Every structure is written in structure tokens, then in C-alpha cells.
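Take a look at these structures.
Across the two complexes that follow, subunit A remains constant while its partner is subunit B and subsequently subunit C.
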Partner chain A sequence: MVRFMIDTLIIGVGPAGISAAINLRKLNRTVRVIGKDTGQLSSLDVIDNLYGQGPISGQMLIEKGIHQAKQLGIEVITEIVLSIVSNLDHFIITTNKNNYQSKTVLLATGKPRVQIDLEGYETFKSKGVHLCATCDGLFYRNKPVAIIGSGVYLEQEIRTLENYTKDITIFTNGHDYNHDTYPTVKDSLCAFIGEKRLTHLKTSKNTYPFKGVFLAVNHPKAAELSLKLGVIMTDDNIDVDQNMQTNIKGIFAAGDCIGGRLQVPKALYNGFLAAHGINDYLRGREK
Partner chain B sequence: MVRFMIDTLIIGVGPAGISAAINLRKLNRTVRVIGKDTGQLSSLDVIDNLYGQGPISGQMLIEKGIHQAKQLGIEVITEIVLSIVSNLDHFIITTNKNNYQSKTVLLATGKPRVQIDLEGYETFKSKGVHLCATCDGLFYRNKPVAIIGSGVYLEQEIRTLENYTKDITIFTNGHDYNHDTYPTVKDSLCAFIGEKRLTHLKTSKNTYPFKGVFLAVNHPKAAELSLKLGVIMTDDNIDVDQNMQTNIKGIFAAGDCIGGRLQVPKALYNGFLAAHGINDYLRGREK
Partner chain C sequence: MLFDLTNDNINDFINKSSGLVLVEFYTPTCKNCQSLLPILEDISDDYYGQLKVYKINCETEIQLADTYDVFSLPTTILFDNELPLKEISGLHSYKQIVSWLDL
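Up next, the complex of A and B:
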């Protein structure tokens, strides 16, 4: 089901996302916030340097923010965003449960972290180890590839990868998961191995030869969503202008995923600026 | 009495000042906050776009912030800052009650506004109408000048002006105030009059010829404090670098007084950045 068109779909329920949502609502924009979980902040025991708040746990602050947004009539949904696709003058956002249409998208997904902390990751990143089947699948036409993951995001990436090769092996890295079509290895993963490029994937029990390995662990993070959209990043941070807009018109980013200090006041201000940047962008289109 | 040296004296008890204080305290710095009143924000009936807060009045938010700072052991004082003077490697801050010593100063005084909303102000600003006796008094040696004001700040400015001229007339603009030495006119003020430069000051009852008029209304605002320190401003906004430092080493500014969007999230982020900028600056000195 495709839902009716809204002004802004926000991905992320942390301070940046919710702050943007609240300010967009104030600007009379239709917004929807989609979040998977409460992210990095929720692991903090006490935050005591935020103006106007007494000491509060990260989890409590997140919940307070979500409650506040809902009080203002903002829909906050717990779904997993699998992809964002540009379609004429808007975007189609696919989650594990629905498709949404939105004129703009705000990425407020937190700090994009390396999907998997495995020896050799940095060495072979883009040299046999890839984050995006759409971007890099073509290089592995009819070649043996591994894909690491265990859920809906894995399945989506496999459907893309199948356009290029059927020689696919799934590695769950210890998770209990089975795929209908492709062989699945459940060993714990140990290392990416190779010389100039990746040649093998090493698990706790064996070493497997592959031309390429794709990562599709848990859910797509800012880095993966951005790569697929063609959003320019520097290191692991999304590049934005002063209005928090990326190089793709209509795609904005705020909070930890754009880098800088990973702190709540910065996330709030980013969210505030993004709200105004988005509003200005939409007004420009409405002329 | 000169109080013991602290790391940072913050002028302003709004979101920028208190946010900076809280974050400096977290960084283990000694801070003191001095505020005259609760400023512009306190006139807002409802703020409902601040993350983590339900709808709250400006006054309540200010009080909540001050309470929060005090809970963290930060001294928040209600005095009027009359001047800031650079002295070797620190600053001496004079209020209506005390002198303080501090290694750094943060100006978080809110939006510096025109001292007096009078016809001709913009036309004759710096052309006969002046904000700072220390800066511009010399141009009026032995000439007839007016000074507008009615309190301790007026008296301080007169003491400076007396170095240049004794031909001083005070205009209280309706306030009931008498000076020991100089004639005082209590009429309401109407306009600054002149051609290329100011020539007259017009009140509700009369028109007086003067070479120059100095303003010392209420208390010195960011603009006046900054002018006296030699801080560079653009229009009415204090220029700062990315660490919120002005052109004068050790003098920082944050919040509405540096311009940009006059909004709480921006003030909070400014305060946060200033705290870290100040801490980095002090660490550099401590090496």
C-alpha cells in the first residue's frame, strides 16, 4: 500500500529527527517519523548537560521526545526503512511493512557505523567488500559472492544481487536464519582475507574463496541509504550544506550522521535548521 | 572587592549563557553567571518547539535553566555589568556591586538592540550620536554634549566623559533622576536633528543645540561592552569564529548577540560550542 504524499518523511527518532519533526509541524508541514529503535543515545545512563532538563537517561529523553511529537499530532512509526528511491518530484520510501511517498526525506539515523567490525574491513572496503548491491553488484556478474546478514534487509539485497549472479552464499555470523534459495553458513565470522583485493572470507570453522562480499547486516543505515541515493559522503559522514541539504535535492540530513560533535545540542540545532531548510525548499517548489 | 580568579565569567542568564555554563561545569571549569534580568525570551508566552520540553513559557524556561545551573553548583548572580577591561592575561568585570576577575568572558547578552528608538538615530549614529564615551569622547574636547540615561551606567559614562569636557547636560527621557553636578532635563525625547552631522536634540518641550549626544540608557548591552573592548561587530552582531571566539582572545560570544536565527535551539548549540571553545582556549594557555 502506498500512503498519501506528505511533505517530509524523517528517518530516525532521536533528538535530530524529533527536533526537526516538531519544528516542521510548527511550520505547518505534514511529517511522519520512522524509527527502528532508539539508537546510540538510549545507551547513555545520564545526560546532565542539556539545558532545561534535569539529569535524564538517554532512553527516557528519547521517549520524552517521541511522546512530545505524538502530542503535537505527529505520527511516529516503528518500522525498518529498507530503501529510498527518487521518483519524479518525490521519493518512495519502502519499509518492512509499507511504502510511503514524501516530497522530502530527512536522514537522522545517527552515526553511521561500520556494519561489521571484522579484521580486514578497512583494507578491503570497496576492494571486494561492499555496502550496496545496487551500486556494485554489476562488477560481480556470474561470479561467486558472499552476502552477510540475516533478515529483511538481507533479502532485499539478495533480490538486487540476483540480477547479476546466482552464485550467492549467505553468512549469518552466528544468527539462526535460513534462506529459501541460497546456501547459508552460520559460523561466526573472523576476517576478510586477500592481497590487493579480497580473495577469501574466513569464519571460525573454515576459509571460503569469494570474488566479492556484500554486507546487509540488520538494517540499512545512513551510509547504505545514502550510497543508493547517490548522496555524497566524506568518510562516514553525509555532506550537507548550511540548510542541511545533501547534494540530492529534497534529501536532507541532520544529527550524528553528518559528523561533527556527537552531542544532543548539536543534533537539536541540526534538526531545527533542517526543518527550516526543508520548509524553504518546499516553498521554493510551491512558487 | 575583587573576587578570586575564575575560568569564565558569563554575562547573560538566557539559554546561551546557561547552556555554556552547564557544559563548562561538565568540563570541570569554574564559572560564574551574571545576569540583569531574564531578557527577550521571558516575554514569550509559550515555547513549544524545544525538544524534550512540553509547552513552557519563556519565563518558566529561563527560571528552569537558572535552577538547573544552581543545582550543578554554578553561581548565578543578579547584578548589572558596567564594564569589562582587559588586564594582562585576564579580564576585570565591574558590576554595580563588585569587581570580578576571570580568564575568559562569554557575552550571552541577547540581541543587542538600539538603545533608544528615536527619530534620526540611524542617520546620526557615529555622526554625533555615540554609544561609548571611552571610544568617542575625545572628539568632543571642551564641547557641549548631551548624555541620555538615568542610572549607574549613566554615571560611569559621565566619569569617562568628564576627562574630555565638563559641558555636559543629562537627558533622562522622562525618568525621575538628578545628578549632583550636571543639569538634568527630564522631558521626553523626540528626535536627533542635524544635516550631515547631528546639531540638535529635540525634546517634547524644546530643541537643544549639541555637538554630540552619548547614550547610556539602562545598562550597557552587548554592543556597548563589545565596543569598549574593541570587539569587531557586523551591523549589530558580534563577529565570532567557529569556536565562538571574538577577535579579542579570551572574549567569546553566543546566542542572539552574534546574530542568525533568534531561536532557543541555536542559542543552546552556541552555548555548547562556546563551552568547548573556551575549554580548548584555556587548555592551550595551560600548556
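Up next, the complex of A and C:
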């Protein structure tokens, strides 16, 4: 089901996302916030550098923020964003449950974490280890490939990969998961092996010959969503201009995912700037 | 717009006397590739006379991708006359590409 068009869809329920949502609401914009969990902050013990707020646990602060947004009539939903696709003058955001349409998107997903902590990952990244089936699938036409993951994101990536090859083996890395069509290997993964290029994938029990391994672990993180949109990043941080807009018109970013100090006040200010940047962008389009 | 090299014309543009040539391997469906193209167009303008910039569509020129060992998109290769000097994979900012080029 495709929902009606809104002004801004915000991904992330942390300080940057909620701050942007509240400020956009104040500017009379329609917003919706989607988050999968409370992220990095919930695991922190105490925040004690916020104006007007005594020491408070990260989890509590996040909950207060979400509550405040909901009181303003902002829809905050717990879903997993699987993809963002640009479509003429707007974006279509697909989650594990729905499709949404929005004129702009704000990425406030927190610090992009490493996809997988395996020996050889850095060495063979883009030398046989790939993060984007749409980009690199064509090099494996009718060739055997492995894909690492388990769940809805994996299934989405397989649907892309299938256009190039049907010789797919799924590695769940210890997770209990079965696929209707393709064989799954449930061993824990140990290493990516090769010389100049990847040649093998090593698990706790066996070594499998694969020249191509695609990653679709858990849910797509900021880095993967950005990659598939063509958003420019520098050292794992999303590049933005002074209005918090990325190189893709209509895609904005705020908070830890753009780098700088990983602190709540900085994220709040990013969210504020993004709200005004988005408002200016929408006003420009409305003229 | 960067000019597209193909298996048929590549020798006319990358050869013993072509000097520094920068080539982006891309496909029309790869968003990262599309974002890199305007950056390389800027580099082509800003470094006019120092290097030439072209692109290769891997969707149609899979053989060229194979020849240059390209397995991930976008991949950008700097040629010195006919020899590949160095390569960078992925989408990067103008600043990063310029610093990688090190002209």
C-alpha cells in the first residue's frame, strides 16, 4: 500500500531526527519519522550536558523526544527502511511493512557501523566483496555467488541479484534462517580469503570457492542506503552542505551520520538546520 | 557529458601518446556511478589540458571491464599513455578525487 505524499520522511528517531521533525512541524510541514530502534544513545548511561535538562539516561531521553513529537501530532513508527528510490520529483521509501512517498528524505540514522567484522573484509571490499547488488551484480552473470544475511533485507537484495544469476548460496552466519528457493549455510563465518581478488569464503566448518560475495546483513544502514542513492560520503560520513543537503537534491542528512562530534547538542542543532534547509528547499520548489 | 569509450574506439583515445586519461567505468542503473559523473565532468573542465576524462558503460562493454579487471562500480582508472597508473573504487567527493589524482 502506498501512503499519500508528505513533505519529509525522516529516518531515525534519535535527537537529530526528532529535532528536525519538531522543527518541521513548527514550520507547518507534514512529516513522518521511521526508526528501527533507539540506536547508539540508548546504550549510553547518562547525558548531562543538555541545557535545561538534568542528568538523564540515553534511553529515557530518546523516549521523551519521541513522546514530545507524538504530542505535536507527528507520526513516529517502528519499521525497518529497506530502500529509498528517487522517482521524478519525489522519493519512494520501502520498509518491511509499507511503501511511503515523500518530497524529501532526512537521513538521521546515527553512526554507520561496519557491516561485518570479518578477517579480509577491508582487503577484498569491492574486490569480490560487494555491498550493492544493483551496482555490481552484472559482473556475476550466470556465475556462482554467495550472499550473507538473513531476513527481509537479504530477500530484497536477492531479488536484484536474481536478474543476473540464479546460482546463489545464502550464508546466515549462525542465524536460523531458511529461504524458499536458495540453499542456506548456517555456519559461523570466519574469513574472506584470496590474493588480489576474493577466491574463497571460510566458515567454521568449511571453505567455499566464491569469486563474489554480497552483503545484506540485518537491515540496510546509512552507508548502504546512501550507496544505493548515490550520496557522496567521506570516510563513512555523509557529505552535506550548510543546509544539510547531500549531493542528491531532496536528500538531507543530520546527526552522527554526517560525522563531527557525536554529541546530543550537536545532533539537535543539525536537526534544526535540516528542518530549515528542507523548508527552504520545498519553498523553492513551490514557487 | 563525458564521451563513451567502446571496444571499437578505445585505441583512438587511450594509446602511447594520449597522455593522462581518466576513465570511469559505470552503468546507467548504478546510482553511485551517476553521482560520480558530474564530479568527473567538473574535473575534466578544471584540469583541461592536463588530462582527458572519458567513461565506459559496463552494461554494453563488459569485455573492457574484464580487460581492466573491473568488478565493482564505479571504478575510476587513471591511465598514463596506454598504461593503467592507478585506480580508485567507489563514489568520492571532488576534493577526494583531486587529492587522489595528485596532479
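Simple rule for what comes next: the second predicted complex is superposed on the first by the 287 of 287 C-alpha atoms of A that agree within 3 Å, B and C clash if a C-alpha of one lies under 4 Å from a C-alpha of the other, contacts with A are read in each partner's own complex, and residues count from 1 in each chain.
The rule we apply is simple: a residue touches a chain if its C-beta (ideal position, glycine included) is under 8 Å from a C-beta of that chain, and two chains touch if they have at least 3 such contacts.
Since we're looking at a predicted model, the values are computed, not measured.
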Exercise for the section: Considering only touches as defined above, state whether A:145 meets subunit B (first), subunit C (second), both or neither. Expected result: neither
Practice task
Using the superposition on chain A described above, determine whether A:271 touches subunit B (first), subunit C (second), both, or neither.
Solution key: first
Practice task
Identify the partner contact of A:189: answer first if only subunit B is touched, second if only subunit C is, both if each is, neither if none is.
Solution key: neither
Handout entry: Partner chain in contact with A:197 - subunit B first, subunit C second, else both or neither
Key = second
Practice task
Based on the superposed arrangement, let me know which partner A:231 touches: subunit B (first), subunit C (second), both, or neither?
Solution key: second
Exercise for the section: Look at A:22 in the shared chain and tell me whether it touches subunit B only, subunit C only, both, or neither; answer first, second, both or neither. Expected result: first
Practice task
Mind working out whether A:54 is in touch with subunit B, subunit C, both or neither, as first, second, both or neither?
Solution key: first
Problem - When both partners are placed on the shared chain, which of subunit B and subunit C touches more of subunit A - result: B
Problem - Contact residues common to both interfaces of subunit A (with subunit B and with subunit C) - result: none
Exercise for the section: Could you please specify the touching residues of subunit C with respect to subunit A in the complex? Expected result: 27, 29-36, 39, 58-59, 62, 65, 69-75, 89-93, 95-96
Handout entry: subunit A-facing residues of subunit B, complex
Key = 15, 18-19, 22-23, 26, 48-54, 56, 61, 64-65, 68, 71-72, 261, 263, 265-266, 268-269, 271-272, 276
Handout entry: For the subunit A and subunit C complex, residues of the former touching the latter
Key = 126-128, 130, 132, 134-136, 138-139, 197, 212, 227-234, 239, 247-248
